[in-house]
Every structure is written in structure tokens, then in C-alpha cells.
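Each of the two complexes below includes subunit A, the first together with subunit B, the second together with subunit C.
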Partner chain A sequence: MVENRPFLAILSHLILILGVAMVALPVWITFVGASHEAERMLQTPIPMWPGDQFFVNLKQTFWGSGLTGTSIAPVWMMMFNSLLMALMIAFGKIAISLLSAFAIVYFKFPFRMGFFWMIFITLMLPVEVRILPTFEVVADLGMLNSYWGLTIPLIASATATFMFRQVFLTIPDEMLESARIDGAGPMRFFWDILIPLSRTNIAALFVILFIYGWNQYLWPLLITTDADMSTIVVSIKQMLEAAEQSPEWNIIMMIALLAMVPPIFVVIAMQKLFVQGLTETDK
Partner chain B sequence: MAGIKLDTLTKSYGDTQVLHHIDAEIEDGEFVVIVGPSGCGKSTLLRMVAGLESVTSGNVHIGDKRVNDLEPADRDIAMVFQNYALYPHMSVRDNMAYGLKIRKLSKAEIDRRVNEAAEILEIGQYLDRKPRQLSGGQRQRVAMGRAIVRDPQVFLFDEPLSNLDAKLRVQMRLEIRKLQKRLGVTSIFVTHDQVEAMTLGDRLMVLNGGYVEQFGTPIELYERPASIFVAGFIGSPSMNFLSGAANAGQVTLSNGTTIATGSTASGEVLLGVRPEHLKPEENGPFKMTIEMLEHLGGVTLLHGVLDGTDTQIVASLNGITDHQVGDQVSFAAKQSHLHLFDAKSEKRIEE
Partner chain C sequence: MLKRVHFPASILPYLLVAPQVIVTLIFFIWPASQAVYQSFLIEDAFGLSTEFVWFENFTYLWDDSHYRSSFGRTIFFSACVAFLSMAFALILAGFADRVIRGSTVYRTLLIWPYAVAPVLAGALFLFMFNPTIGIFPFILEKIGYGWNHYLNGGQAMFLVIIAAAWKQVAYNFLFYLAAMQSIPRSITEAAAIDGAGPIRRFATIIFPLISPTTFFLLVINATYAFFETFGIIHAVTQGGPANSTTTLVYKVYNDGFVGLDLGGSAAQSVILMILVIGMTVIQFRFIEKRVQY
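Moving on to the complex of A and B:
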């Protein structure tokens, strides 16, 4: 494996380049599509190089008429909905799983392990499996077409609870004892010691959960009927349906491109913490 | 300042009793070392004083206060842990100030105390570093500093030196001793290292299997060990034990040699004599053939088997000697250096 032959180096680079190209091609086409006039996108062959209409399309998407012939909300509102939903899911999941992991690791109460396994078993029940009962509950609570309805059913997280439990277990007991001698109560210990010590793990989880929240499709599709509540990922699908009648591919591609920006931004901004949080084991 | 009183203290985990009726009075300003092999319950005892373990029965008093049901923070103690337990995300200054902040002391008072402790421990230039940027010895000092700033009535040390290398350990040992004398704070120090125990403690409590074997000054423990366990534990290399029968002021060893002890005891006994008390003497009662030599420079250790028995004995002679492996050597020891223990109860037989 440590052989240093030029041929092998070239071959492995070729394979990697091929892989990158396969992943990047659709993104490139999206970008190219977003930079041409609507008419150009209907001619064959489709263009492979960017046109000069990128900013014109951008402006039209945000401030212009947007996509004609559909009743979708303005793009900024869809992005805002998506952002709010992703943030609420990420923060909600982190807050709840931090607290439940804290309870499971640091408190002795009857059926502690029972509760832990109950939480763990919910791994087998993602929203897709329990979609009808969950919808029923949310509808009965009058949370259809609201941010709460969008996020609360997705907030409970067994994975994150499990991960924080593992993180807390690596923190030496002396840390708790030391804090007790210093006079810190449980919540003080939680805030002053546990949260700062799990900082990188929280960041890593935030990245994963933000993208998870941003990419939600089925649940928002079901629970939001009001155009003002629709998220950008759901809207893209609706726009494709609209495209059957008046295919404004340049605008659709632009919206798809915009939908990619926040997750990319989050990943780039938190890259360092993300890697640390997933790889560092020493506390 | 306050003394500590342990009153028939016991600790059980379920049906297993790990500490049996510990009674002790520790005076104000005294430095007591609890020493024993691993698993003897010494850390548990310390943690009970700290309030980190519950008391099964009996009482712990600090000063005049019964503290059984008090939280650690309310007992006016400070503890130094084996792995230091510094908060890794806080600077040295914040580590030391954390407990004071929780107690809501004024900013000025906190600064004053932290700076004072930093000066005593000479860690002033590290105050803004994180613990991971410090060496083991420096972390040790910070852990001590965290204890000092609280200005507690009692210091508790849970094997704080065992993570340091040998040289640093000796140095920190002296510093802890000096610091404790200077501050005059009652201290309990747990260790498994008998040298550490002998050098640090005003008094030593030797624990074995949850029982106190002996509680006394280092010299008392060395000169008059109360049991075979203490005799073997204190002193290095450890004491030689020779089985024999006592009768009318003398002991007959299993090889037939008789040794005058001046004791009126009779029956099966173990005769104890420390390696450093064996002096070469022609026609001395302890005859052995040397099997191995250890030259340590200052002393030479002669290992061998007592003639006519299969009992291993060690003699420690000053300086470098010219003995060879295979030599037969005879030793004698002063009567005052002989220790008699009952073979059954393993307790000391008083003269």
C-alpha cells in the first residue's frame, strides 16, 4: 500500500477525479441552467457552459415575478421557512438529547436503563413509519400549517441522545466530584462543565441535524398546505409539476441552487469543529 | 481550623462490608496519611470524609459539626484528586476561581485569593493557560491551588502524586509537606506508597482489608509494628519473618537455632527482624548462604535462605561489601531489634 509508483498515483487520481465529476456534474448542470435565458434551456442540446444571465435570473427569482403560472410563495419566504425549520429541529434535538443523556448518565432513578432502551428503540420508528398516527396527533393539536407542527414531531432523537451519552461517559467521574466539592449543583455542572466539554460534539451534531432538517421532504409536504408555510425543498417538487405547463428551467435551477447554499455554508463554517467532534475521543 | 473525628465508621456496598468500625481522632493541623495496599478501603474512607460516599453507619465530625448528611461543598473541605480533575476548558485562573464564584465571593476577593495561592505555588505565569498546556507537576500545583483558595478547614489528598515521575514525586512530596506546615490545615493524605507515607505523615493509619491495623507516628510503626502486616508493609526491604517456638525467654527456630528474646511468651511465633538490623557476626544465630547480591551503592542487599530451612531472608549492609554468591554468612541482631508476633493472630506479642 505504501508503494510509490507514478502509474498507481495517476490511476488513483483518475478514479478520484471520476468520482468527483459524477457527484459534481448535476450541480454543474444546475449552475449552468441557472445562468441562461429560459428559451435557451428548451433547445437541444442543453448548454454545458454557463451563460451570461446568472444575475438577471437571480434578480428575477428574488425580486421579479418568480415562477409564473404557479401559486408558490416568494423564494425568500421559502428559504426563511426552511431555515427556521432546520434551526428549530437542530437546536431542539440537541437540547432535548443533551438533557436526556444528562439524566441517564448522571442521575439514579428507577428504570433508568429501561428509559434508555425505550429511547433507543425509537431509532426503529422514524417519522416515515409513524406518519399516519403522528399526523393525526399533530392535526388534533391544531398544529397543521405551523412551525411547531413542522418541527416538534421530528425533534426527539435517539441517535443524538445515544451520542451524548457516550460523550458523557468518557468524562471522568472526578470532574463531577470536583464540581460537587466546588459547590456546583446539577444544572450548574451541566452548564459550566458538561456543555463546554461537549462543545465539539454539539457542533458536529448541529451540522448533521441542520442538513437533516433542511432536507426534510415528506413531513413538510404532508403537514403544510398553506403556500406561505412551504419549504424550499418541497417547493422544488411543486415547481417541477408547474414546469409541465411553462418550463422556466432557469428559475427552477436558480431556486435549486439557492436551496443548496445554506447547508454548504453550515458545513464550511463548522468544518473544523465538525471533524474534531467526530474524531476526538479524549476529554 | 478544625480536627476530624471518625466514630465507629463503617461502609458497606450491599452485603460486602468494606470498612469496619473505623475510630480515629485527628487533631487540628495534623497531617495524617492513610496507607495500605490497593483495595483496602483507604480511598473510600477519604471519600466518606469528603462526602462523596455515603456513610453506612457511624459518624464523621469535622470540628464540632457532624457532617454525615452534608453535601461536600458544605463541609468546608478541599480535595486534590489523583488525576487532578481540572476543568479542561477553563484557564488555570478560572479553575481556581470556580468554587469561589459559586460561593458568590466578590471579584476583588477572588482575585486576591487566586493571586495569593498562585504566588505560594509559583504558578503565577501560568494563570491564563489551559490545563492541557501544563506539565504534570504544574497541573499538580494547580490542583493544590484550587484547594488552597477555598481556605478550607481540611485538605484531602487522594493519591495525588501517583501520576508523577519518580523525581518529581519526591520534590512535590516535600513541597506538600512544607505547604501543609505553613498553612497549618488539617490534612488527610491517601497513598499506597510507604515511603510517601513515612515522610509525609505526622501519623499514619495503616489499613488492611477494611480494618485499621495500626494508627501511630511513623517511628512507632517502624519500631513497634502492631501486626505482621504493618511490620511487612513499613520499611524497605521488608522485614524478615522466621517461624519458631517461643519458650522461657527464647525462640527456637525451625532449624534448631535458639535466640534469646527476653520475652515471656510461649507457643508458635514468628520472629521478625529488619534487614538493616542484621549485622554480620561470627557465630551469630542467623546463618545463611548468599544466593543473590544487590549493590545499590549506599547499601548492599544479601538475599539467601536461612540454613536448615526454606525461609528467604534479606540482610542490608552499609556500603559496598565484598561478599560473593555462595558465601556463608552469619548475622546477629540486638534483642531490642527483634519483634515477636503470634503465629495465629499475627499480632505483636508485647514483652
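Moving on to the complex of A and C:
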């Protein structure tokens, strides 16, 4: 700090604490909502302090199928679907981007720039703007209600390819020269030198992509008509619709909590990698 | 672009780019060209025949007052989300930058909403503002203000704006704090010695120096509000009441999957693609150059 102003220091902390409280309020209310009995959640004003039913609700929600009278899959199954989708998207994107960035940076071959621009164009086509034709393609390929249909259309990513290209360009040329003198072929160089050198970049990207994959909404909503393939993030919408008939808000809030805890945990536990990934992919 | 030292051409590089290129062709280029093609077609009511009509779908959209108002509404929505979340993040980052000890603690406490899916953010705010049991309608009732976003379009808009802005504060805070912490201390110290107080320093030194970040975040937030808030709107209002929260992306979904108007939906997709291309160009051209001093 530049100067000593105790009043300003205290004010800074006060405002920051207030800001944190404002940001955390929706999640606090959700947590409180998930810790009471269903009847209590129908009386106004709703409680602002946690009740004692949290673990009862947790057990009922996690092993049961959410609300009574809705036809959705068990919650643990939807969480498993979400996890699998997030991991497949993260691994898939990283794998295909590493390979294509390697080819574009380290090989001279005809149509190299053509491929580069084709990948670049995907940056301009987020799934939201081409949903209907993409849905038709996936339906024609018979990939509706499958993990492949959920993930493969989302794994092409220009940002990841750009990031790895950037990383590879900073690796000194001497690395390749010495590897070649030692007799290493292209794939040997890729596995033994490039991958270890870009380890932290891969990890940082993995954190970002895991969150991206877990939080997908529009695409799984369209692709999964089968309840067993639904993801937890998508199911929350069906819960809210069902809430108009059977308002079991404690269960709905518990599902919302279960849906947001894994990505939040990833952000907090791997904060350094998360920040690195966020600043690298957006530049 | 290419390394000075590189491998010679062989079949290998083609195999390496193949997975990405195949996925791109099947799931990006082909559907996008289909969208462009379909935007020139009109299908009859039974889906039996299609007619090639050139730009009729586009001129129809141009004349459609629903579409034009949805366009204006999306811009209003994006401007409000970007302004609210950036202003809130800027204030918090400004104070966090002053704190000697604990700024990383505050960072941890403020960045996690980034990980909350938009649809969940919508669900959380829907619960807080539920007209029968929500905590805010209850408080508003006490001071004599009736809240029902199922009936009042303005309130519905307000609700989706704050839900969308809430989620984005984390991202903006992270970038603002990083930008402020990268300003050399000697500059602010020199200003302090010259007698500039904290507010003056913020207004004349810190804020101008982080203007590249502000511009970058403006583009990112606008893109977010345009394309990534579908979940919030779908969960909270379904575009209602009376279309008062129907944004462009929501309209593409609604006309295509609910209304089954293929040509119209495709034409809207094409317009959105043009918008994304424009935003990407702005992002690359201007952010690379930065705001110069």
C-alpha cells in the first residue's frame, strides 16, 4: 500500500466482505433450503438459517430419483453422466488439439495453412448458432442418446489448438535439433519432449474444459431424450417445472447444490491452474 | 507460424490433423453450410416440399417486429449484464488491490461463481425471487412493492439480468485484479507523493491504465450475454412473459425446435454467425493492438 490510512484499510475489508456476502447469498439460501423439511419450505418467510435435515435430504436425493412423481433417472446416475461427459470433452479436446498443433507447428506440408484456417473458423461457430443443423447431423449418424453424441460435436476447439500452438512456438528450436541428433523421430519427440514441457498448460486447460463440459446445457438438453442419459445440470430444469405441482424445494435445492459442487470444488482446489488456464485460453 | 527447424512432409502430419479436421468438417463446417443453405428455403406447412426463395427469410425477419424487438432486447440485456458485472467487479478489485494481506483469500472467495452453470444460476435466482415463497418478494411485499416476474415483463428482465451478471462477476474480478496488480507501484507512489488521494489516483492513474482490460472484458461479456445465457432464460422465464425476455439465441431455439420453422431459424442462425464473426474480428484486431498511450 502506498500510504497508511487505517480508516481506508478497514473500509476496504468491510466492502470486500460485503461483496463476498452478496456473491455468496444465492448459494447460502440454496444450502439453507436443502437442509429443511419440505413442509418448512412452503411457509413464508423461508428460513435463513440451516435446519437439521441436510444429510437426510442428501441421502434421499442422491440415491433416489429426485422428486416424487417425476420420471427422471436417479441423481447419482445423472452425476455420473455429467462426470463422464466432462471428462470425455476435456480429454478429447486436449488430445486432438495437441496433435493438430504439433502438426501445424513442426511439419511443413501442403495445405498446412488451409487446415489452420479451417480450425480457426470453428472459433466463430459456437454450438448455439448452429444447433438445428448440428442436431440433424447427429440424428442422421444415430448418435442421439449416446455419450459420443453428447461429446464429439463439442470437442473441436480452436482455442485449445491456438494455446498449444503458442506453447510450442516458445519451445527453443535447439530442443528439436538435439533430439534429431540423438535419433528421435517425430512421435518420440512429441511424447518425450513436447508433452512433458507443456504439462502445466495441459493441466490448466483441463481445469477449464472440465468446468465447460460439466456445465453444458443446451446441447445435452437436445441430444438426450432418454432419461437415463440426462445430465444433472439439464435435470434442474425438469425439477423446476415439476415444482409447480409438487413443490419439494428442499430436494430441488439439494440437486442444484449437487450439480454445482464438483466444478466449484475443482476451481477452489486447483485455483492456480484455473487462473492460468483462464488467462491463457482467452488471449 | 512454422518452426525454423521442422520435420519434412510425409503422411504423418495429415494423420495428426485428421481427428480435428474430421470433427470440424462433420460438426462445424457442414452444419453451418446447411444453415446457410436452409436460410434460403421455405418449407410448406406439412414439410412435404421446399422452395428456394433467396433472401425472403431475411427480408421477412427484417420486417418482423418481433425479431427487431428481440434484437434490441438482446442488446439492452447484454449492455446491462456487462455494465453491472463489470462495475461490481471493478469496485471489488479496486478495494482488493489496496488490501495488503488477504487479497488472495478474497480472490478465492469471489472466483468460484465462474464454475456455476448458467442454468443453475437461473435456478438459484428463481428460488430467491419465487413470488410465493421467495425471500425477496417477501421483503418487497413488506415495503409495499408487488413482485411477480411471471406477469411483469420488466421484473422478468431484471431477474435474468442480475442472474447473468452474478455469474460473470467472478471472471471480471479476476481480470481486473490481475490488471491492477501489474501496474508498477512506483507510479501510484509517485502520485501519492505529489498529493493525489486514493480516489484521484484511481480515476487518473489506475482506471486509464487498465482500460485495455476494460475493453477486453467488454467484448467477452457481450459475447457471454449473447450466446451463453440461454440456460438462464430457459430456466427462469422461457422467454416470457409475452416474449419480454426472448433474446436472439433463445429465439433461434424456440423457432427451430418448438415452432419448427426451419428456414426462419436457419436465417436467424446465419445472422448470429455474422455477429460472432464480427465480435471475433474485433477481439483479435483491437485487443492485439491494445489501447495505446
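Basically, the second predicted complex is superposed on the first by the 264 of 283 C-alpha atoms of A that agree within 3 Å, B and C clash if a C-alpha of one lies under 4 Å from a C-alpha of the other, contacts with A are read in each partner's own complex, and residues count from 1 in each chain.
By definition in this document, a residue touches a chain if its C-beta (ideal position, glycine included) is under 8 Å from a C-beta of that chain, and two chains touch if they have at least 3 such contacts.
In this text the structure is predicted, and so the values were computed from the model without any measurement.
By the touch criterion defined above, A:L205 lies against neither subunit B nor subunit C after alignment on the C-alpha atoms of chain A. By the document's definition of touching, of the two partners only subunit C reaches A:L99; subunit B does not. Touch criterion met: A:S12 reaches subunit C, while subunit B stays clear of it. In the superposition on chain A, contact of A:D192 is made with subunit B only, not with subunit C. More residues of subunit A are touched by C (comparison of subunit B with subunit C). When both complexes are overlaid on chain A, the residue A:M88 reaches neither subunit B nor subunit C. In the superposed model, A:M79 lies in contact with neither subunit B nor subunit C. Look at A:P153: by the touch rule set out above, it reaches subunit C but stays clear of subunit B. Looking at the shared chain after the overlay, A:E177 reaches both subunit B and subunit C. Residues 177, 180 of subunit A contact both subunit B in one complex and subunit C in the other. For subunit A in complex with subunit C, the residues that touch the partner chain are 1-3, 5, 8-9, 11-13, 15-16, 19-20, 23-27, 29-30, 33, 41-46, 48, 95-97, 99-100, 102-110, 112-113, 115, 118-119, 121-126, 128-134, 136-138, 152-153, 155-156, 161, 168-169, 173, 176-177, 180, 186-187, 211, 214-215, 217-218, 221-222, 233-234, 236-237, 239-240, 247, 249, 252-253, 256, 259-260, 263-264, 266-268, 271, 274-275, 278-279, 282. Here subunit C touches subunit A in the complex through residues 1-10, 12-14, 16-17, 19-21, 23-32, 34-35, 38, 88, 91-92, 95-96, 98-100, 102, 106-121, 123-128, 132-135, 138, 166, 169-171, 174-175, 178, 185, 188-189, 192, 198, 201, 220, 227-228, 230-231, 234-235, 249, 252-253, 256-257, 262, 265-266, 269, 272-273, 276-277, 280, going by the rule given at the top.
Taken in their complex, subunit A has these residues touching subunit B: 172, 174-175, 177-178, 180-184, 188, 192-193, 196-197, 199, 283.
On subunit B, the positions that touch subunit A within their shared complex are 50-52, 71-74, 77-79, 81-83, 85-90, 98-99, 102-103.
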